[in-house]
Amino acid sequence: MFKSVGIVARFDKRKALKLAEETAEYLAKKGLNICIEETLKNKLKGHWNFCPLEKMKTDFIITIGGDGTILRTCVAIPKPEPPILAINMGVRGFLTEVPPEEAFKAIDKCLRGDFITEKCAKLSVTAGDKKLPDALNEVLITVDEPVKIMYAKISKDNEHVLDCQADGVMIATPTGSTGYSLSAGGPVLDPSVEAFVLTPVCSLSVFRSIVFPAESKISVEVLRPKRVLVVVDGAYRTFLEAPNTCVTVTRSRNETIFIRFRENFYNRLRSRLLFRGVGGKA
Amino acid sequence: MFKSVGIVARFDKRKALKLAEETAEYLAKKGLNICIEETLKNKLKGHWNFCPLEKMKTDFIITIGGDGTILRTCVAIPKPEPPILAINMGVRGFLTEVPPEEAFKAIDKCLRGDFITEKCAKLSVTAGDKKLPDALNEVLITVDEPVKIMYAKISKDNEHVLDCQADGVMIATPTGSTGYSLSAGGPVLDPSVEAFVLTPVCSLSVFRSIVFPAESKISVEVLRPKRVLVVVDGAYRTFLEAPNTCVTVTRSRNETIFIRFRENFYNRLRSRLLFRGVGGKA
Amino acid sequence: MFKSVGIVARFDKRKALKLAEETAEYLAKKGLNICIEETLKNKLKGHWNFCPLEKMKTDFIITIGGDGTILRTCVAIPKPEPPILAINMGVRGFLTEVPPEEAFKAIDKCLRGDFITEKCAKLSVTAGDKKLPDALNEVLITVDEPVKIMYAKISKDNEHVLDCQADGVMIATPTGSTGYSLSAGGPVLDPSVEAFVLTPVCSLSVFRSIVFPAESKISVEVLRPKRVLVVVDGAYRTFLEAPNTCVTVTRSRNETIFIRFRENFYNRLRSRLLFRGVGGKA
Amino acid sequence: MFKSVGIVARFDKRKALKLAEETAEYLAKKGLNICIEETLKNKLKGHWNFCPLEKMKTDFIITIGGDGTILRTCVAIPKPEPPILAINMGVRGFLTEVPPEEAFKAIDKCLRGDFITEKCAKLSVTAGDKKLPDALNEVLITVDEPVKIMYAKISKDNEHVLDCQADGVMIATPTGSTGYSLSAGGPVLDPSVEAFVLTPVCSLSVFRSIVFPAESKISVEVLRPKRVLVVVDGAYRTFLEAPNTCVTVTRSRNETIFIRFRENFYNRLRSRLLFRGVGGKA
């Protein structure tokens, strides 16, 4: 089924590197073509084929890390995205599926086609006249320094919705609704809801979040300050300068596809909420 | 077009009664069959045909009051519901369309078919083995006395979602998302989102709200206490006793239809938020 | 040191009754005069001296139950209140000190004076012209039925503070700030802060809570509806009717004294927050 | 009474510069020694004595701008701070007292001693082993880039309070409790409460804010990431690197003194909340 595989791993964690190495060896023995992300060059034993994420064209991708590793992979890989098998080696692994000790068992299942796929809607983001990478989790438009205030006008399909004064404004997908958006006070969107959620960050406004249908075009026009920061999935950052400080969001044609072995959204949600409840152990 | 009309009005407000009287006279002159809600009997001059809401079968209905008047009308009238022209004579008139001084102009437009309709999804609510009235705004399951705690298990299509400890749990439609649900910290749902939102009231849980697709079956199984109160649209109340304390919510086949003269959801939302912002004047 | 003791226990829990019995026997052998709360009459073996809480004049009191048992004890016992040794036999035992298996060890320590006391400020509450019981946790002024709205004017020392529209308004002590007030979105007050906190329940107002100095007089004047419910510590309820719907709160001269064996406010807070985080097990 | 005066103004607003000029001329005629903040050099007509804020030693100071102008003045001027007459020429003027059209009337009152003073507690902040400027509003410890997570251990007088996972942690004075702290979900502290309030920013924790007595020592020990940003009053910024990422806050010996013409905290609060309610006009 799968003939080629890309491997992406956290490079700041000894254990992740070791598992990346073992995974590569395991897959090589199975006869797959392997491409490893360039940043791991010189960090792995053995002779491997390295390439940047932007050029990683394989049948599927294995990520070894946390949500951050997945998000930066999705931001950069060529579209349409191949399915991702996400092995957890991070602090936060909400999007991940497999604990490290089950990595090889999962890979075996994967290779014999014994899995389901979860397709996640993404946001297409235009800032000023510039197309940014699609967002799997969220796009954040925010002041460039803390403790400043941003004034923004929010529209849906060119109709004025609300103005807001806040640190920033975030638009999240259902996938992202359990991440940073949740910390900012946003609702959880069930994965099968066809919608996006806009949430102001640290706002004094009486409204908390607005849930828009996925087919709408949402615009955030920054009235002040003249320079703001746009962050896609915590992985891509760019500054906007007036007068090009309008960010427009629609549903992307691309989606991210996760390899899953069971339906378990709410199981994962409960674990996540419990884990972050008081945070006794970081 | 319309040949018969029902009139419902607040009976605790002199002005509303007066407008009801004038409206009836105006419509009688136009030759319409008029049916007035029974509670106004003996409060209006003239000889009118009175009937209870449960028997009001007319081509359309005029409500004169606030959201409360609309909600109790929708709870009680025979299904399918005729369209409603809502004249504002209440404190909160989020669902209403027409200020009282424009009542006759609006009625004229109405009679010549010069309007659009807004169709609002409703919730079908089953409590234990008992079918409750459909909800236009929200259904609330709550403790029967303040400062008690309710423990509930929330499921979606028989899959366990989360447990929660709170004063109560509320499930709202997009229409209801700007009402009581908003006070409880829920998000605003754009009217075209096909979803419902569940929000715990005064909960210590880390999650705030969950947005479910409209086609799902949401269950709230009350584990404790043994007796809880269920309120539909603030207009219908019933107590549940263990072991029949499970409330199930799906999308209703019925919908409520409002007569509108322009698309203006976000205009109304802005007014509403501004009005309730600080509440200088109630 | 202590010559007489009162015993109060949950009467709806077999285990609590059993422990009450054993405790009474244990203390009787030690030669203390024992008074048991009247509601336990006919539920305990042995011949005991029963009296209502209102007449329980002893050197100290042992409560066997949860926070609810403590709160109803404090509302009713004669003032000034004797110290309370709180043995946990409830779901929520934030105010309690001792797990049931350590009850006799704790009693021994108590009898030989090996303890510290924690003094908790209480609220003096006047509703209309009627003095209500002092509140150890909080006083709540709320609508008499869910899904109604209360309009209230809040003042501090006769100075207008804010108006608010909400389900209700709550004023909590530092002790109460970790209870119902926290669920309503209020801040935790460190036990040594000389302050009270007012929090609207399910409000759309932009403010969440206001922290007032303990020496201030806080008034909540209900403008609408004409009838509201006032609840002290979840244990005492009364209805107010217009025009006597103004509730005034000051610091009480009385305080509640807990017998503690170590300083551990934040230990208890962490346990409580963790426990209620997701609420997997009620 | 006052013989010398310092003038500080926004230099990015024509109107503020003009009023600064007129104010200087007006005060010169009255015979006061005038010192103008250095950043206004070359922007004002006339020959004036300019000096940096750090050297501005005068009997009182007039600020012409918004809260930002006041905050950067208080951060920099020599201690003990002279009283401040704050003329509003900013978007947010919560701390300001006088609208621009009443500037000269206010100055006259000031010069003849016809005013009251409002003394505001400040925070003494130590980051690692470095003393930072005192905070009038708040100190924020936060990640150096948005969408990262900070893990921190919070202590009070060396006792462990709670751990938290958030964008950042903020500690605010009563003065600051109506500013950025309010946006982050913190309570309003009445000006006479002797307390500070700690609020996590965009946290998933179940607690919102903790109110500590003003005499306590609050520590925020950042466990991760290795580099964080500390911001005092939005006006002073510094980065901390592990292992010096512990920030300690106590009450400062310094205070900021405002010249006021009437007691009006809650008047100002109501205006502020109304203004920011929906934010129709930025």
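Quick notes on this structure:
When the chains are written out, they are named A, B, C and D in that same order, and each has its own residue count from 1.
FYI, contacts are C-beta pairs under 8 Å (C-beta built on N, C-alpha and C of every residue); 3 or more make two chains touch, one makes a residue touch a chain.
Owing to the predicted nature of the structure, the values given are computational and were not obtained by experimental measurement.
Note on connectivity: the fewest steps through touching chains from chain B to chain C is 1.
Between A-D and the choices B-C, A-B or C-D, the pair with more than half the same contact pairs by residue number is B-C. Interface residue usage between chain C and chain D, two copies of one sequence, is largely shared: over half of the residue numbers at the contact are used by both copies.
Centres computed as Cα averages put chain C at a distance of 38 Å from chain D.
With centres set at the average Cα position, the gap from chain B to chain D is 47 Å. Each of residues 162, 182, 185, 204-206, 270, 273, 276-278, 280 in chain B touches at least two other chains. The touching residues of chain A, when paired with chain B in their complex, are 156, 159-162, 177, 182, 185-190, 192-195, 197, 199, 205-213, 216, 266, 269-270, 273, 276-277.
Only residues 204-206, 270, 273-274, 277-278, 280 of chain A touch chain C when the two sit together in their complex.
For chain D in complex with chain A, the residues that touch the partner chain are 92, 140, 142, 145-149, 151, 162-168, 180, 182-185, 201-206, 223-224, 229, 231, 233-234, 237, 273, 276-282.
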